[in-house]
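Have a look at these structures, which come just after this line.
Consider the two complexes below, in which subunit A is the common component and subunit B and subunit C are the respective partners.
What follows is the complex of A and B.
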């Protein structure tokens, strides 16, 4: 018995999608007895912008949180660049919903962006002037250079979202998971977010974005993950964003899907 | 000069102890307040009592090290119990803390009555408001003696302990400033950066427990509770920068410590009463008074300023 154990291979055979930025297999999540996501399989393509779309309660945010391990998984495996996601947290940038943090915290916009660099700076080492200069550049990239010294609670919702994005840029992750960055933002912020997404893509980064607006989804994203408690459709936007798939996810007769489906068709 | 000798022997050590106790608690208290865990300071200052009594029962002595260890163990037990009650019992955090710290404090009081009541340094009265007035430095008789090394051999032990603990708090806050800030503001991001929210949170609880036991021994639980919360909350009204808030809280803690002691000694005399007030109580009152003043007069968040600004806004439009 002992000798047998000795020769057991340490790892299982590596599947073909092993090097994908994100590979999810059989992910099941439940709140108490209520299943929210059932056996979700999804492989994210490299250097692509992925929209995670679905009706309210479809489990979009739950999917993001379960991938990160912030929400316990009932079953399933999540790997990031071929290794368990728990060991790859340094490669993942997470942009949470705006409501998830305390905006009364005594920090300026620049302080929050600088936090994105803390992993790079390392434990017990002080933040130096060059780190702050770097953070200032990321703020400038989202058009927030003039608000660097402003306490975060004194910013508008859209400006707060841009601070979060600048912080994600500062983190310099390879895979980004964003929970509804477009929710309730002004037009200027929406443009800034789209610019950031395109920049990230051009640098070879993969972005998964929970997205609510079916009208803009085909314009902003190339890849689709359509959820409704399970995977309804997953694949390139051009071929998978169809009237039939949306009707299946949202139920028939939802007026919202009209124009979007026409455009997709 | 008898006045000088009294000051050096009685007032100076008591003021130093009050100031250091206030500093040791106010420094980690900043993060308790920002984490909305102000009640945790209250909880810690109470649960150290059974820890101290247990240490006393085991060693038969009130040496600082066993007491700190006993209090730390009690604090860890309390943190585990509070977490357990939330998970198993489904209690909300405030209720879980309330149940645990009152029960443990009461158990400590009962045990104290049974075991250590005869010891002058450990009784119920001192557990509540300490023994600030009883802190004596039997060394220097004049100002010149402060320059002589042998004066410092008789420094009260709790003064030395508190100085060490305050210094440790300053060092730890300096070293882990980033980690404490990011885990407090956004635990999700912290985890992504490889900074474990759990570990930093436990570290903060350990700091709070050490500060609580060091201050508790000297000044009782009333000051401890007030100092964890009041100076940081006062400082928060006056600034939007975390580092500035911490320095301001230290300033207010020192002011409350020294000012409270002075008020306790001199306020009744000024009012024509021969008695003096309880010093620990006055320190807490001074801290509370500063908080009230800041709430009224703070430049951005003060009630008065906001009301005035609203009035301006109405006339302008």
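What follows is the complex of A and C.
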């Protein structure tokens, strides 16, 4: 019975956005009885930096996890470069929330970055010196070359975040999904991450970042996905990051200062 | 019998004793190796559920084997029984966890006591049977390496080697699973199947450890070595290797003691040996033991960084 269901012939027509890095249609997710996301439609533009913004409990992390298939989808389809996301894993880099792992784990910064190469190394094959050398380069790209041998629990929060970023870079993906990479990091790390994001964009990569800071969102990102259990606004930052949209997503009383306020106008 | 301690430890007390001690050491090595991964996966308590869940299987296998062959105590039969019933226990824990809102520890406590209760009832029925061969059944509770014969020790040794081999072959994958299962799943690694395989290897270790360590204490042989190993190193590879070595050493000493003083419960001796190594590691371990703690205290308070 189960196997029969699996071999169901494909009868869907190919949609117009078939080749975009990420196309989400009608994505609905629930925890138990409680719906978290309702029929989310979103198409990510190629080579762009997308901020996934919204209040607490808006389903931002859930969105990322459901896209990756880590959270079961109640309904909806997710495709990556025209094929189901499950078949495009090699093209997708994931940076989980820093709090999702135990930093007491017996591993060095370099060990964690090397994990990004495991897919390339393959089943049952050992990590070799050349893999470590390769991983070292990615650590250097996030300014962490000097900390390669450090046990990960002895790094600061920002440094841990950069290690996670380096691990995602190591797999050379075309689409990156990052869950709050800027959460609780120091200024140096924030700059390092922004540099990495811009480099990725310049190389034609697409990045989706769950982002909490409304002040910096318009500076760091060109594209917006504003969530609050559903899509409140989605599109270029310049036209969609508006006070009206923010008020709708956050309820009342979002006040912005500085350049963000000017943009949101 | 006037065998010295040293003779047994050094495998000079005859071929039989040497095979038993070696088999036990391999078992300890396998328990330490798998234990390291299970501990890092934060599922170490499930080994206690598995070991207690094996008892009804062992008892039923004894009865079946008795009915079939006229002789109840054949290790292969008992091991298969233990494996099936242990697997059922794990599935039940998983089922309770998935389909109720109970946390895993409650599920483990429930399944553990349920299966153990059933096993104890069956065991007392067996003890009252008017047949021979049930005398050794008590050794499944507390372990008696001295009651192992050569074939049994060889079976245990080879199974342990197979477990260690598989664990080392998949060390990279298991490490990734233990550190960051979500990331592993996002990259397409079959996280559920890896978890299942890890549990299957744990189940194997528990089953082959029943006769040597006893089901009540086999959890210690899986837990103590990796905990001790963690005090010495910050690297996964070293931790797994050390954990295996500590488990092997503890089981070696325990099995040797058991063949010199057959009335000592092997499991207890093995656990005491493992606990001693754990205490030594706590005191001397450079990575996380007392030295590390003292070093940290000796450091001056770091000045606030101004950037």
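The definition used in the following text is that the second predicted complex is superposed on the first by the 244 of 265 C-alpha atoms of A that agree within 3 Å, B and C clash if a C-alpha of one lies under 4 Å from a C-alpha of the other, contacts with A are read in each partner's own complex, and residues count from 1 in each chain.
What we mean here is this: a contact is a pair of C-beta atoms (placed from the backbone, for glycine too) under 8 Å apart; a residue touches a chain by one contact, two chains touch by 3 or more.
Remember, predicted model here, so these are calculated numbers, not experimental data.
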item	value
Fit or clash between subunit C and subunit B when superposed on subunit A	clash
Touching partner for A:133 - first (subunit B), second (subunit C), both, neither	neither
Contacts of A:188 with subunit B and subunit C, given as first, second, both or neither	second
First (subunit B), second (subunit C), both or neither touched by A:171	both
Touched partner set for A:96, first subunit B, second subunit C, both or neither	both
Subunit B versus subunit C as contact partner of A:123, first or second or both or neither	both
Shared subunit A contacts, counted only where both subunit B and subunit C touch the same residue	68, 70, 89-90, 92, 94, 96, 100-102, 105-108, 111-112, 115, 118-119, 121, 123-127, 151, 167, 171
Residues of subunit A that touch subunit B when the two form their complex	68, 70, 89-90, 92-94, 96, 100-102, 105-108, 111-112, 115-116, 118-119, 121, 123-127, 151, 167, 171, 173
Subunit B residues within the subunit A interface of the complex	34, 36, 175-179, 181-182, 184-186, 188-189, 191-195, 236, 239-242, 244-245
Residue ranges of subunit C in contact with subunit A within the complex	40, 42, 169-170, 172-173, 175-176, 178-180, 182-183, 185-189, 230, 233-236, 238-239, 287, 307
Interface residues, subunit A side, partner subunit C - complex	65, 68-70, 86, 89-90, 92, 94, 96, 100-102, 105-108, 111-112, 115, 118-119, 121, 123-127, 151, 167, 171, 186-188
